[in-house]
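Scrolling down, you'll hit the structures one after another.
One chain, chain A, links the two complexes that follow: it is found with chain B in the first and with chain C in the second.
Our next item is the complex of A and B:
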């Protein structure tokens, strides 16, 4: 077998651009899905049957559908039924945000539930409202406690952004596949793609470990 | 002694089938230290939690300076601001320093400026002899130190009455004294206090009035001298001797 690794270098600019889009998708999705998850968790725990039911339905819908199906649905069905036509990147962001928000919602719910009731009582006893007790006392602790879970969600998300390649978003996977089909250098391009994903993912995982040690709760 | 601060009128509370309070009536006068004693599960803590609305009554009434406790959230919050509460497990906020814990109420509830709140918090930490621990996190404080911070945190709201729910039950024996000393000083300053406790020496020396609970009801109440030296009820005597009280 012959390898021609030069194909990687001649297309380095495109791969870099694809990588930028991958990072962009992951970062923006998380920026939407963290507040999204918190809102879902608060609605779920609100005590209102309607709000809690709406949150649970949303979560169970998007957590139990394959992400690739949600991406296709956002691409083909959203413009038809809701009359919303977005660019491929924006469509990909919608699908990823729906999916990751649902996961984060469950994560935050578990985190909030893990904070012992006495903490909320202490906040209420100071005269705080329920919302202040949540915002000042319970949520900050819950977020620290679920950092490891959020981190592993982040690492999954970073790789799952590759699925939006199916709607022609020019992120890393799409770009690598396109170069592959133009040059027929399958093994080289797959290796390059693997190397880039891994090289980006590994330091993130380490960074998260470090964050965890620094900001984890000691009781 | 001046007026009546708190009146309990046939207070009842159930948790499912379990009757936690079966009609409790008593009063707390301004400036008084009232100690609630009795076996575990006899309703002392529940009465305290009903007092500041952490539990809702199932019957009867609690009056604060003659006014029945409000049941709406806003009214309840206003009442809680006038009552400081100290918990068995301290319940300091672990993500905040000792200083920030004490500032929590003034900043979030009273909307004091950070400067004013910090000034107040530092004065209170000094009062509980913890000036040097202002920047420590709860995890780095001993149980006794944590409980003193918790007392300072409650005092930061400048309450009219302090509720102590077994404040020394979770402490190592060697740190119990420092917490009781802070409470004793508070009592000497004239703070109205309700203290649920198993520390009989504290009740004997500091309380103005002692209430003995059993099975959700008051078995006996009176001055410490009467309760500890000449209890009327056989069961009070049994309870005290279980705790090793020799009189």
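Our next item is the complex of A and C:
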């Protein structure tokens, strides 16, 4: 058994590029999924039966499907039914955004619902409009409760970006596995891949713990 | 756009076999993870420091590395290190259990910490040993409070088994891919897959939540 770790260094540039795409995917998905989640939560709480039903169905559907299946489905179904040919990376973004929006919607809804009803009632009694009560009283408190959950969704998302490798998006996992099959340095490349994910994810997981300690609710 | 589901219907036995494998893999993973994760969680809460440090390291590492990476590593790289080649199914079981155990350990810790420390102190003041206080006072309340989280562990596990398709475990996801390739009907095959996974996953957490509503009073203090 002999190992040749130099293969990791000779392909460092490609791995770096893959890592950049991984970070890019996670950032863009979150930028789509936070507004998406807010819209879903507001629709859910809107009081209109149709809108809240539609939002609930969307949320339940995507929370109850394996992400890898959503990715495959987006890859095969979107071009054939909607007649739009997206690049693999855009397809990956669509699938990730659908998934994370559903989770964020639940997070925001729970955050808003966790603010006692009396607070909104008091704001209304003071003569605020429903929208004002939401914006001035409920949301500022809800954000504090939502932040730690959002942070752990971010960590999951960062890991889940690895799944878009199955539709040949050139992010970290795909790049590492491609180099593995070109060089036959299986152990070295897979270990390097795991190490890079670990090095990026570990501080994030610790940050989530810190956010939870700082903002978490102890009842 | 015309849909033709006949290739899916003709291959129902093939898909059903995949579904059985999905459920078997998920069930085994949940059982292994509850045992290992329970032990790791309790070790983290009550164990000596030399045990706690590596356990925390293990838990946080698993929280920061994707399932896909653990799966691929245990299937392709582990044989090179150990010289033992596991069949895909068992490699997937090992990898998924490694990941899910860490989540179970976190749930156990949250559950144990949710029982106020005054309760343990009261139990010790009554002359119970540490082990008795944990067994008789803390755990009965903590386990009830962990129930909803364990429910989501079951559905997370079922969803993660789909990733095992990547290392060619012939479970439902993998067989859907095979069928999609052979029949040239990917839309129908994946639509059916979405329905099948939804039908399994949607009730799972609901049932656990219903059980929890029945039992929630046992966890109050």
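Everything below uses one rule, namely that the second predicted complex is superposed on the first by the 205 of 219 C-alpha atoms of A that agree within 3 Å, B and C clash if a C-alpha of one lies under 4 Å from a C-alpha of the other, contacts with A are read in each partner's own complex, and residues count from 1 in each chain.
Definition applied: contacts are C-beta pairs under 8 Å (C-beta built on N, C-alpha and C of every residue); 3 or more make two chains touch, one makes a residue touch a chain.
Because the structure is a prediction, the values reported are computed rather than measured.
**Q** With the two structures laid over each other on chain A, which partner does A:137 touch: chain B (first), chain C (second), both, or neither?
**A** first
**Q** By residue count, is chain A touched more by chain B or by chain C?
**A** Touched residues of chain A are more numerous for C.
**Q** In the superposed arrangement, does A:16 touch chain B (first), chain C (second), both or neither?
**A** A:16 contacts neither chain B nor chain C.
**Q** Is A:31 touching anything from chain B or chain C once the two structures are fitted on A? First, second, both or neither.
**A** In the superposition, A:31 contacts neither chain B nor chain C.
**Q** Mind working out whether A:186 is in touch with chain B, chain C, both or neither, as first, second, both or neither?
**A** A:186 sits against chain C, while chain B stays out of touch.
**Q** Based on the superposed arrangement, let me know which partner A:84 touches: chain B (first), chain C (second), both, or neither?
**A** The answer is neither, since A:84 touches no partner chain.
**Q** Does chain B (first) or chain C (second) touch A:127, or do both, or does neither?
**A** After superposing on A, A:127 lies in contact with chain B but is clear of chain C.
**Q** Look at A:76 in the shared chain and tell me whether it touches chain B only, chain C only, both, or neither; answer first, second, both or neither.
**A** Once the two structures are laid over each other on A, A:76 reaches chain C alone.
**Q** Based on the A-chain superposition described above, do chain B and chain C contact any of the same residues on chain A, and if so which?
**A** none
**Q** Residues of chain B touching chain A in their complex?
**A** For this pair, the touching residues of chain B are 52, 54, 73, 77-78, 80-81, 83-85, 87, 89, 91-95, 104-105, 108-109, 137-139, 150, 153-154, 157.
**Q** Using the touch definition up top, name the residues of chain C that touch chain A in the complex.
**A** 1, 60-61, 63-70, 72-73, 76-77, 80-81, 155, 158-163, 165-166, 173, 176-177, 180, 186-187, 190-191, 193-194, 197-198, 201-202
**Q** Chain C touches which residues of chain A in the complex?
**A** Touch list, chain A to chain C: 1, 60-61, 64-69, 72-73, 76-77, 80-81, 155, 159-160, 162-163, 165-166, 173, 177, 180, 186-187, 190-191, 193-194, 197-198, 200-202, 204-206.
**Q** Note which residues of chain A are touching chain B in the complex, please.
**A** Result: residues 118-119, 121-130, 132, 136-137, 140-141, 144, 217-219 of chain A touch chain B.
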